[in-house]
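Note that the chains take the letters A, B, C and D in the order they are written out, and that residue 1 is the start of every chain.
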Amino acid sequence: MTAHVYADLPFVRYEGPDSHNPLAFRWYDAQRVVLGKTLAEHLRPAVCYWHTFCWGGQDPFALGDPLFQRPWFQGAPLAAAQLKLDNAFDFFTRLGLPFWCFHDRDVAPEGATLRESNALLDAVLERAARKMQDSGIQLLWGTANLFSHPRYMSGAATNPDPAVYAHAAAQVKHALEWTHRLGGANYVLWGGREGYETLLNTDLKRELDQYGRFLAAVVAHKHKIGFTGTILIEPKPQEPTKHQYDYDTATVYGFLKRYGLENEVKVNLEVNHATLAGHSFEHEVATAAALGLLGSIDANRGDEQLGWDTDQFPHNHVQLVPAMLEIIRAGGLGQGGMNFDAKVRRQSLDPIDQLEGHIGGLDTLARAFLCAAELYESGALEQPRAERYAGWQGELGLAIEAGASLDALAERVHAQGVAPQPRSGRQERLENLLNRFV
Amino acid sequence: MTAHVYADLPFVRYEGPDSHNPLAFRWYDAQRVVLGKTLAEHLRPAVCYWHTFCWGGQDPFALGDPLFQRPWFQGAPLAAAQLKLDNAFDFFTRLGLPFWCFHDRDVAPEGATLRESNALLDAVLERAARKMQDSGIQLLWGTANLFSHPRYMSGAATNPDPAVYAHAAAQVKHALEWTHRLGGANYVLWGGREGYETLLNTDLKRELDQYGRFLAAVVAHKHKIGFTGTILIEPKPQEPTKHQYDYDTATVYGFLKRYGLENEVKVNLEVNHATLAGHSFEHEVATAAALGLLGSIDANRGDEQLGWDTDQFPHNHVQLVPAMLEIIRAGGLGQGGMNFDAKVRRQSLDPIDQLEGHIGGLDTLARAFLCAAELYESGALEQPRAERYAGWQGELGLAIEAGASLDALAERVHAQGVAPQPRSGRQERLENLLNRFV
Amino acid sequence: MTAHVYADLPFVRYEGPDSHNPLAFRWYDAQRVVLGKTLAEHLRPAVCYWHTFCWGGQDPFALGDPLFQRPWFQGAPLAAAQLKLDNAFDFFTRLGLPFWCFHDRDVAPEGATLRESNALLDAVLERAARKMQDSGIQLLWGTANLFSHPRYMSGAATNPDPAVYAHAAAQVKHALEWTHRLGGANYVLWGGREGYETLLNTDLKRELDQYGRFLAAVVAHKHKIGFTGTILIEPKPQEPTKHQYDYDTATVYGFLKRYGLENEVKVNLEVNHATLAGHSFEHEVATAAALGLLGSIDANRGDEQLGWDTDQFPHNHVQLVPAMLEIIRAGGLGQGGMNFDAKVRRQSLDPIDQLEGHIGGLDTLARAFLCAAELYESGALEQPRAERYAGWQGELGLAIEAGASLDALAERVHAQGVAPQPRSGRQERLENLLNRFV
Amino acid sequence: MTAHVYADLPFVRYEGPDSHNPLAFRWYDAQRVVLGKTLAEHLRPAVCYWHTFCWGGQDPFALGDPLFQRPWFQGAPLAAAQLKLDNAFDFFTRLGLPFWCFHDRDVAPEGATLRESNALLDAVLERAARKMQDSGIQLLWGTANLFSHPRYMSGAATNPDPAVYAHAAAQVKHALEWTHRLGGANYVLWGGREGYETLLNTDLKRELDQYGRFLAAVVAHKHKIGFTGTILIEPKPQEPTKHQYDYDTATVYGFLKRYGLENEVKVNLEVNHATLAGHSFEHEVATAAALGLLGSIDANRGDEQLGWDTDQFPHNHVQLVPAMLEIIRAGGLGQGGMNFDAKVRRQSLDPIDQLEGHIGGLDTLARAFLCAAELYESGALEQPRAERYAGWQGELGLAIEAGASLDALAERVHAQGVAPQPRSGRQERLENLLNRFV
């Protein structure tokens, strides 16, 4: 087995929609300017470390040995981690994406103590810093894995044991500081084990309070060290726990309001998490935008027939146009970006499959964004939507917005014989219209 | 067809678990005292008007004529409404429940103008007031139907047309004032059309703001008229709209916080709405209790294999014990109660089927409550739960609660070698233990 | 209200992808030849009577009065039915589709007896026959409504009461004979109430036997009258009943085999029924093709977040390409076609909304078919698929196909040290490749 | 870590419903006679090897190291397997169940070649044979794991590579022969990888044919070696593949009919597989019984809010009564039994949790069976069900069963004015009635 598994793969270039080259971009023209910025600046795409370099193709249900053969799946842990890092940056470079993302325990192995774990992380991230310098690849976000180790089985911040809380706090401190040092644009908290398996042994209110306190401490530390990136929470409804506290954007909003953190924390929205929560992805984006929480995107897709997080690469650009439109309406992602929290299917054993997965995924995002941008600029949807609400600029609308009471409104209804007539919402026309742009 | 369809049915009595009488209660012994109150005081059960007296057994999907033959489904609207009311109170009395609930348009027909509609409602509710007086039956809650009439097809408070908002405000004013006059314990808002069908024509943020403004006006009016009942919002995730703004309890909490109403409004939780939102019912109860929003219950059940609101009578008491336990842990429902938002299956054509549906449903609630009360009093679950979190009374736990920073906790972890060990959550033992009480 | 609500709408023409005319086809170029036939011959698209002319925009859950105002929703039943028919053919003509479909009770009202109902149907279908003659519009299929009337609440063929079975048989006889007389290409049976609400009162085996007997009688009658169209069963998993016997294609196949009808009956596959059954639509198509049952299509789409049959017009052509590819691989639909079992959203009140819904739906079908045809002709997917199974042409493959026993195969494995290696399925490459054609 | 982790646990005894001993049975009184047989003879309960002794508490989604510490998770593979076996029989004995079940690769490790794997299996199963002899514990079924090893990633019988088919055949031969030798009552095939991930690279028809051929070879081998146990297929809709060919009972029936195997093979029904397929468990049982396929049960439960196979121990006896009733109506399970394909939650780390999980599960099964038996014997449900279909004994019913044509039935309807009236299905009464027995 060669030590550098991507060494024979080409550097991926944009060749345009007519290209038949499976290892070229057909839509992701990084430097193409649209709506005043390049595509790369709009999308800020990133490769995630976990799915691409750590997952071995195991069946989540039957477990068993890894299917994928990668040289860093064996050997001394630290050396393997360094080899993995070298391969990762090789992959990033060949793919040509501007960002990467990491979990601490994906980058470096766990040691016997936290001190040892920190030292292992330091060793690998020092090397990563040099590689970032050399390659120009930037960090979209870092995060700490607070869910895989047995100590976190009953939660990290929400664990019944305060020692686990303390351990998690110390681990986040280190990961956050490294994210800061590597110039990360964001820091993510995914509460993988922040939830419950059964209410029979759970004090929900206490656990929520613990979680609020933990998040406040993370925010305080961010300010203390001068980190200017955004703190992001990643909503997910269930899996791995039966019920996760960060269920969806609306739940996270209420949580942040409860603990006074709504101006400090935003959301990292994952497509497949939205659909598992019973929402369309565009719903989650629109909700986050309306509530001022739109942070970043974990780009992937689920399978409509499966009830778990399949983390597939996006491949249907038509389906993504409404969400891209909501992002554009919201003014874009700011410091956020689009991380491919996506993995090839387990039968896609070969390194080249990973490259093709990312190429197809990024082309899908780019194409969807280009369609949405053109649709937005045309005003074809914006105008009828504005007209639909035009009544609120009228005298009655303004009176209501000024706080008209039930009494005042009832008097008006009776006096003026207010008898509103329904007006077509023209959904089919708008859907057809969207299809003019895809 | 006889005018009084329940006239031949008996007055339902409690006969105990060994009774073979299908028209007797086997578990609902209204005057039995447990946890310091009677069962009737704990459950505060109510019959809903809509499902029991207005629904004609239509197939929701194939529509068509009513299956059920009731004399009040025909004839002059006001006379029919009065006949329906007489039958309803006859049913309440035979069933022996302490409460009823109503929607304005179920009780009385819609007129040509709101003034006419109000007058029709007045006529029927004057009669209802006398019947309540005579029978001693009380009002658990009233509400306005802001979803069936074509004018509300695109929402009431969240309609793109402010005239609809005004009409809804005037309608709620009248329903709320009648609820007050009838001594209603609560007033409910179910946002049946407060949601959207497509984001392509929807301004989510604007609609949420409209909704917040509307709710604030309702709360202001409540205080103005001196109504001391609780204002309740009823969460539901979708149906009839694609996405309803009152998705679930956590969403409603964030909404109330956003508009400063979290101390003014509580939730009316429906079992089947919880399950459609992807939650267990006990989750919704526990969440509402943790967030201070637990108001009232719409008691029914869904069908685990069906994706819509089937509104069936509860019949599995074991499944309800965890939710009843959460209600007991929260100190009960206060002014709330348990309204049967449940209907017989459409093949259950006969008036006697309705009586049996309510008997079985109430027996299920009563049995579940009795089991939960005994379980709670035994301490069998409460004690291990308290022990599970006992660490938070220790020095580390208290330091964290006092606001320990990431730095302080990291120092402690390194200095003391904090290395927490996972401890069994004993879920199977707790589940078996619960089964000792059912 | 004008009697002819579509009279002001234009005759829809194909104007090509660049057209901005919302009332023109952009992809459905009926006479365009691809894979040896015109698009119209491949798709054989049809308008369904029910959703388009009979549904009044009622909320399935809140019921209430119709939202849509159509002149045929009032007045004397037979005259209204004739007016509806006139409007329907006006709509067909303006839209320019080659086929229509009907349920007997949508076309004409129910009479006091079956004889009367038959006479009413005769009156309307005589008129329809003339309109078909005049317009050249053909009948894709006819069917009998065996689910809306109260008599069918517990099933038609599977009813516990044999009188209902007899009534259903008589009703089907008349509808089938009319379908024959109108030159229908197929006759459909949708078992809307052939299922159960609860097993507690159901004899599953008996009901399946009744259903098999009924279907055999229908097939016998078809042959007796010389009808050469195809008898189609329409799978659906649930709704309106809790569990429908025609759950999905695989279930229907087993049912047909059990009663020896697998060579007599095919399936009419509906997109949204497939997704409600937990299958992708392309799965149902591929399964029907593999089992020799592919008959016809009810073209629509569901909403991925909703658990009921939303019957929306298709609008994402990318999503439909895999199913179109399976249809092409299977050699097309033969006598079947693509009926729009789709309806506008209820807020789409106006007649023009219906036209736009059909235009967008048909453009989506046409575009998906054109993409799939090009993909198929390119061989880009067909070739790697053939290669993936190439081993079965080898010696071992042929030996297995010739019936090698476990003993023989075990001996070979041990003797030859058979140790197969996994080979990438290249899913991402194939998905990207498909995207080159959309 | 002690080598014998269950050594301190007691031998579990039946102590009756009033026992407070968490390590005693409260309902499973093995020797209690009901409906003519002992409870043990009715239920034939079994412990499964996989979940109880092989699964390490890994999170299916976050993977990572095992949570559970068991001495056989380390050390030399064969010795570890023998230690695992010793512990397993110790567990069986303490629990007191009459049966066990195994997968070949759970019992013994995989070797470098199939010959080696066979030898390893021989070594462990020789020991198992002695332990069975000593303990009196019998084998409910054996099976081969054709899904975990990388070679099976694209299926076993349905693999595109015939060498994999051959390997699977050889592996099944050995497992089937050992099952025969150990006196197994059944042999199970679970097609864990018999399905597809994407239709883009799949020839569905070919794969079904391969699968049919494989199953025929297994049946032939069974007869050749004189095995008199039942061959069972275990339906599952998806997971691990996107779509499994053995989707549900109805699908398996069609498959068996297609390949002429419906009299040779039955189904092993798993509760959680039924619910994942969109069916109630009682539906699957009733369907299997109606189609003559009822074989054996994998007893567990799913979580109604989760979309994957959670394999929890049953704990709600009320929910299981309808399925138990269907089993009783069908005359019982014959050679089948009830295998606990269930695992403790991953936070339940300790060996005692496993014992309590099994105790609670078995008590739930026993209680449900006892309730169903009493209900059945009472005739309380059987009688109204028979009456509901009584019309089929009448003249019209018999004429239909004798094959009345549509013409004959239509003539009768018109001549006799057949106008059937709907009759209440009394669902609520029957549900209440069931509750009298729980």
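The working rule: contacts are C-beta pairs under 8 Å (C-beta built on N, C-alpha and C of every residue); 3 or more make two chains touch, one makes a residue touch a chain.
Computed from a predicted model, the values in this text were never measured in an experiment.
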Inquiry  = Spelling it out: a chain qualifies if it touches subunit A and also touches subunit B; which chains qualify?
reply    = C, D
Of A-D and B-D, whichever chain pair has more C-beta contact pairs = B-D
Key: Centre-to-centre distance between subunit D and subunit B (centres being mean Cα positions), rounded to whole Å   = 39
Ask   = How many angstrom between the C-alpha centroids of subunit D and subunit C?
value = 35
Task = Two or more other chains in contact with one residue: find those residues in subunit A.
result = 67, 150, 153-154, 197-198, 238, 243, 278-280, 305, 345, 347, 422-423, 425-427, 431, 434
Task = Give every residue of subunit D touching subunit A within the complex, in rising order.
result = 55, 57-65, 67, 147-150, 153-154, 192, 197-198, 238-240, 242-243, 276, 303, 305-309, 345-347
Remark   = Note: in the complex, subunit B contacts subunit D through residues 20, 22, 26, 67, 275, 278-280, 304-305, 313, 315-319, 344-345, 347-350, 353, 356-357, 359-360, 363-364, 422-429, 431-436
Message = Help me check something: in the complex, which residues belonging to subunit C touch subunit D?
response = 113-115, 150-151, 153-154, 159-167, 169-170, 172-174, 176, 197-206, 208, 210, 213, 217-218, 220-221, 224, 237-238, 243, 247-248, 250-251, 253-255, 257-258, 277-280, 282-283, 286-287, 289-291, 322, 326, 381, 384-385, 388-389, 391-392, 394, 396-397, 400-401, 403-407, 409-410, 412-414, 417-423, 425-427, 430-431, 434
